[in-house]
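Both complexes below contain subunit A, partnered by subunit B and then by subunit C.
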Partner chain A sequence: MTDMTVPARATLGTASGLALVALTEVAGAAFLRQFLLVDDWRAVVGLLALFGGALVAMQRLPAIEAGIEQAFGANRRFAVLLGVAIVLAFPFVLQNSSYALHLLIIAQLYAVLALALNFQLGSANIPNFATGASYGIGAYASALLALHWDVSFWLALPASAVVATIFGFLLGIPSMRTRDSYLALVTIAFGVVVHQLLNNLEFTGGPNGLVGIPAPELFGHSFASPLVIFGHSLPPQANFYYLSALLVGVAILFAGRLHHSRIGLAWNALRADELAARCQGINTTWYKVLAFAVDAFLAGFAGTIYAFYVGFISPDNFTFLVSVTIMTMVIAGGMDNTLGVIVGAFLLTLLPEKLRAFSDYRILFFGITVIAFLMIRPQGIFPQRLRRYGG
Partner chain B sequence: MDPAIILQGQGLTMRFGGLVAMAEVDFSLRKGEVLGIIGPNGAGKSTLLNIITGLYVPSSGEVRLSGELLNGQPAHRIVAKGIARTFQSSRLFADLSVLDNVIIGRHTHMKTGVFDAIFNRRKADAELDAAAEIAERLLKAVSRELHAQRHRPAGELPQADRRRLEIARALASEPKVLLLDEPSSGMDDADTDALMDDIRSVCAERPDLALMIIEHDMRLIASLPQRVLVLDYGQKLAEGTFEEVRLIPRVQEAYLGRKGAQHAQA
Partner chain C sequence: MAEQLLQQILNWITLGSIYALIAVGFSLLFGVLNIIHFSHGDVALIAPFLALALVQTFAAALGAAATPGTMLLAVALAIALTGLLGILLDFLVIQRFRNAPAMMALVATVALGIVLRELIRHLFPNGSNPHAVPRLVQGSIDAFGVTVPLFNLVAIAVSVLCVAGLFVLLGNTRLGLHIKAVSQDRDAARLLSIAPGKIFRITFFIASAVGAVGGLFFAGYAGIVRFDFSIDVGLIGFSAAVVGGLGSMPGAIIGSLVIAGLDTLVQATVPNGAAYRLVFVFLLVIGVLVFRPAGLFGRTVVEKV
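Coming up: the complex of A and B.
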């Protein structure tokens, strides 16, 4: 099988490969733009049908998927550069819609949270229902630092990630005494405890939360003011769009590097067979706690950006339901597949917003999505891939 | 103590509540030796392997590797000290590639931590690529057919190849002692013959490697091990060469029942 792919890869390394990469990325971006700007729910359903059709086509004709995958593999640098360019240019094609930018920011923060959870649920099969709590801990830690000690956003960002990581460790250690459904219960309990504490403690503002978190500043430019680039003025949300896009980039980098290393392999071994993993010399307890810590670290980052973006946080932003939503994104998108998890996060953030006509049924909608995916495509939109070695 | 003895167990006893799964078992294993362990189902063979590999902590008695006490050490540390094993029902990482399975076997020889993986990519990649290269060589040495399938998920392999892969994965940790738990179970005669050839070539390449094989297949037990240890009801029944052991009436009883043993001797 491998012998056949070598000449194919060589031919796709040329112009046609570049064109395929460019076409895929531009088509993806154009689809996202349409999806963000469309209003009528019928048009939304139409776009969804298009997306579903593309997925079915890929499943029916694996050659298309393999071709795209090969083109991306052969033109990695070009794909990354074009991707970055598209992300940078994207706010300019949104007709200055601050609502579309807002949706993008939230979707990107959820993408980071889903990538964080993917280290556990996807790589190591640890059902952690406390990612929302880590998100909240990050948000509250940075907000408290900013409000009480005037700590700037740029310092609060790493500080709150460290705080969230410490809590992640604290959750991880007792969780090691349990597994499977019992482990899930421990994490649910942790999430509830965090929510209750935020709700009842005085210094977290109780149910009213924390108000008046100042907007970040960078070189004298306030993130609350419009962003002017080349004489083109973008809504203030564009500041946070770029910031959260950067965080998604960092999360992708983390995910890719950890996945393709001894650590990712150890997590995967743990997922497949814990006893066999121990007998290969893998300290399973340590790797599980590590997965908790990495999850909390990234979630802490996302929480900080959220707190400074919205300027007001309350315990209700970080309920158990948030954790369930994040878990849905990972399952629907594709366990242990970075692209899949991001697509899942975008889809499940944007869809409920776009289908506002049915907003009362949002929870029902999540439930149906999970059941549908587990039945039709249990591996998710983009399933896990085997690793490749030596270029 | 005999300096050639690499692994030694003394007075090993394992109680699960009121059940005594193993009582006062002694054994020793020399460098380069193949020791067979036989006994009827429930005799305590797998219990012995689980004690040696740290999955069980014995109620009393001790296990020593080159004189170093192993009791109470966690399983992952015992692997690092040089004891690798396979499982009776092969426990591969089914959704990972064949190659990944063997690379994971090299876990204890790699050092990459989180910070290296993220910030020192060059070092982490170099280490992983080196491990992949060693894994490829190992697969090729164990079986060329298996090597040709190295990019397939391990779960898709046929039974005989799974066993080979388990052996390759165990060898990847460069063990001093290799424990095989019923390597031929579920195999037909042709596969078992191929397996015996594989084990012989593994031993020929590693003259110092000590092997402990739990088996039911008497053909394998008759030809591979230099010494055989018989367990029954968690106790050591006999020890010696296969030729000696098979003539002992109590061993025949354990396998054939009292009547069968009388017939066999008659």
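Coming up: the complex of A and C.
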């Protein structure tokens, strides 16, 4: 009898685990869809209350959270496949709303930026107020390549990431000698210098920025034209939606691989105690500079897609406030937690857009959010998980 | 040529003393609390807005145009209120981060600065637009072929007085002794029945009030003030304190003079220099931090196991 029950329970466990994974992902997607399509601010507040309620329930009943986590851990492949399928199918359920797609693109680009900053702020605890500047460097580098030398998007993408990374390394150099507040000042100063240069130099178009960046093309299909899949026509934004979704996927993969590698471990050691890390033989200088370079690399990608998506960039897209916004996303979402950072990015991109009545108060809202989270819940919506070793 | 040089030197000293009023606040707060109060510049630039609002209130209450007397009263009140604002911010936000990692306090005060700026933008009438700031002291004198506005002389004199007063307060009074005791060892000071909380509040008041004087002179010197001026002012003041060495008061003054000197030099010599001045200032800051991470006069703290 006992021999029979154990495998039976195990299969039941797998089935319920699969169901739990599917339920969680579909519910998340459905929530996001509703959130994107509602107009009435009361409905927005209602959805937010739902989200907050779910979070509180998870906090009160850790068993739910543990169950979901276990189910995802046991059915990784299924979870990833279903997630990819949902992401691919998502534009079809948005009632052809180009505005909803636009919001999704911006949210995804911010998710990439937040993941980029997370390597520093979350993993290594290095305050970096220059992510917005790296984003801008990526955007301007690719736009200049496209406008002056007719470089195609697909070449400009890696090229601008390389340019941004070089600047990231340059910014990392002062980090060899400075720490904490001093380093924060260096990154703020770097951001201001980049913004002022973009604003004043002739070849970057000054305050007017760069106009007329051509839309990318792939196999003869222009990204400015509607995307037709299985006879179903999607707005042109869908092209960029899939592109930025791909970038988010790559960034998540990147973040996961780095987190579980020796580099991620070294960054965490830096966060815990820099001196102790050095005593363990970790080359702290190199890992700090590397954190800056990785941040700039990902931010450069995001910048390129942004530039080609909107077709027009100006220095005001890449101010100090953009860096603070990205930092808000990381802190509110949860430092060193990939899912948390992405949720933070989506929430803080979509919320101000949805609460239009308060859009004027957006920046004030960001500031208060940061302070409130730091005071009440410094670990963010999704706290960082204990590092798991081995499997 | 000589007149031009004298004119530029005058600009340099004026700007330097205004920056110094802001920078000493950064240095004082860092020395006593061991945190960076990144929103100090924003606190300082609240003062001109308060003064403008008070002048208008007085004028409305008296039913007449503002006289120099009421303007002076408004300025004095604005300075005191800004000092109290410093205490309020400490009470509401900053004190919660006393024992937290330095980075949390840093990010929190950056956010606090944003909140202050946005509050001015939304609460002050026409907050997004620049506001004209009248100079309390008009007129000028001619010396060595240079027209010296009295305003510059007053700004320099008041700055010197403020900073000298601060030095006397810290060096020659009982309160200064208490402040230094708390900055050196909080727990030992408590054993000697000095309440650190009270000293922190006093320090916040002093730093914010001195910063307010700087903010008022900055607005008067520029002739206008806008809600986002404080970004540059805060960054320059903090840079000056860092270049001089955080925690060192003479360092903050020297740092202010160095930065104001570069600022003036760039504006006078580089074509279209006004647009690039911040670029040069911050490149200097990055350079100083790379070669002397503790600033020109800061002590290098070597962490030992």
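Definition applied: the second predicted complex is superposed on the first by the 378 of 391 C-alpha atoms of A that agree within 3 Å, B and C clash if a C-alpha of one lies under 4 Å from a C-alpha of the other, contacts with A are read in each partner's own complex, and residues count from 1 in each chain.
Basically, a contact is a pair of C-beta atoms (placed from the backbone, for glycine too) under 8 Å apart; a residue touches a chain by one contact, two chains touch by 3 or more.
In this text, all values refer to a predicted model and were calculated from it rather than measured experimentally.
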Problem - Joint occupancy of subunit A by subunit B and subunit C, clash or fit - result: fit
Exercise for the section: Kindly classify A:G212 by the partners it touches after superposition: subunit B alone (first), subunit C alone (second), both, or neither? Expected result: neither
Practice task
Go through the superposed model and pick first if A:C279 touches only subunit B, second if only subunit C, both, or neither.
Solution key: both
Exercise for the section: Figure out whether A:N268 sits in contact with subunit B (first) or subunit C (second), or with both, or with neither. Expected result: first
Exercise for the section: Please work out whether A:L364 is in contact with subunit B alone, subunit C alone, both, or neither, and reply first, second, both or neither. Expected result: second
Handout entry: Contacts of A:Q196 with subunit B and subunit C, given as first, second, both or neither
Key = second
Exercise for the section: Using the touch definition from the top, say if A:I188 reaches subunit B (first), subunit C (second), both or neither. Expected result: second
Fill in the blank from the handout: Overlay on A puts the nearest Cα atoms of subunit B and subunit C apart, in Å, by 6
Handout entry: Contacts on subunit A seen with subunit B and repeated with subunit C across the two complexes
Key = 275, 279
Practice task
Can you check the complex and tell me which residues of subunit A touch subunit B?
Solution key: 1-2, 253-254, 257-258, 260-266, 268-269, 271-273, 275-284, 290, 294, 384, 386-387, 389-390
Handout entry: subunit A residues touching subunit C - in the complex, by the definition given at the top
Key = 125, 127, 129, 173-174, 177-182, 184-186, 188-190, 192-193, 196-197, 199-200, 275, 279, 320-321, 324, 327-328, 331, 360-361, 363-364, 366-368, 370-371, 374-375, 378
Handout entry: Contact footprint of subunit A on subunit B as seen in their complex
Key = 53, 55, 74-77, 79-80, 84-85, 87, 91-97, 99-100, 103-105, 107-108, 110-114, 116-118, 121, 124-125, 127-129, 131-133, 151, 153, 169, 173
Exercise for the section: Would you mind writing out the residues of subunit C in touch with subunit A in their complex? Expected result: 30, 36, 93, 96-97, 100-104, 106-108, 110-112, 114-115, 118-119, 122, 231, 235, 238-239, 242, 246, 272, 275-276, 278-279, 282-283, 285-286, 289-290, 293, 303, 305
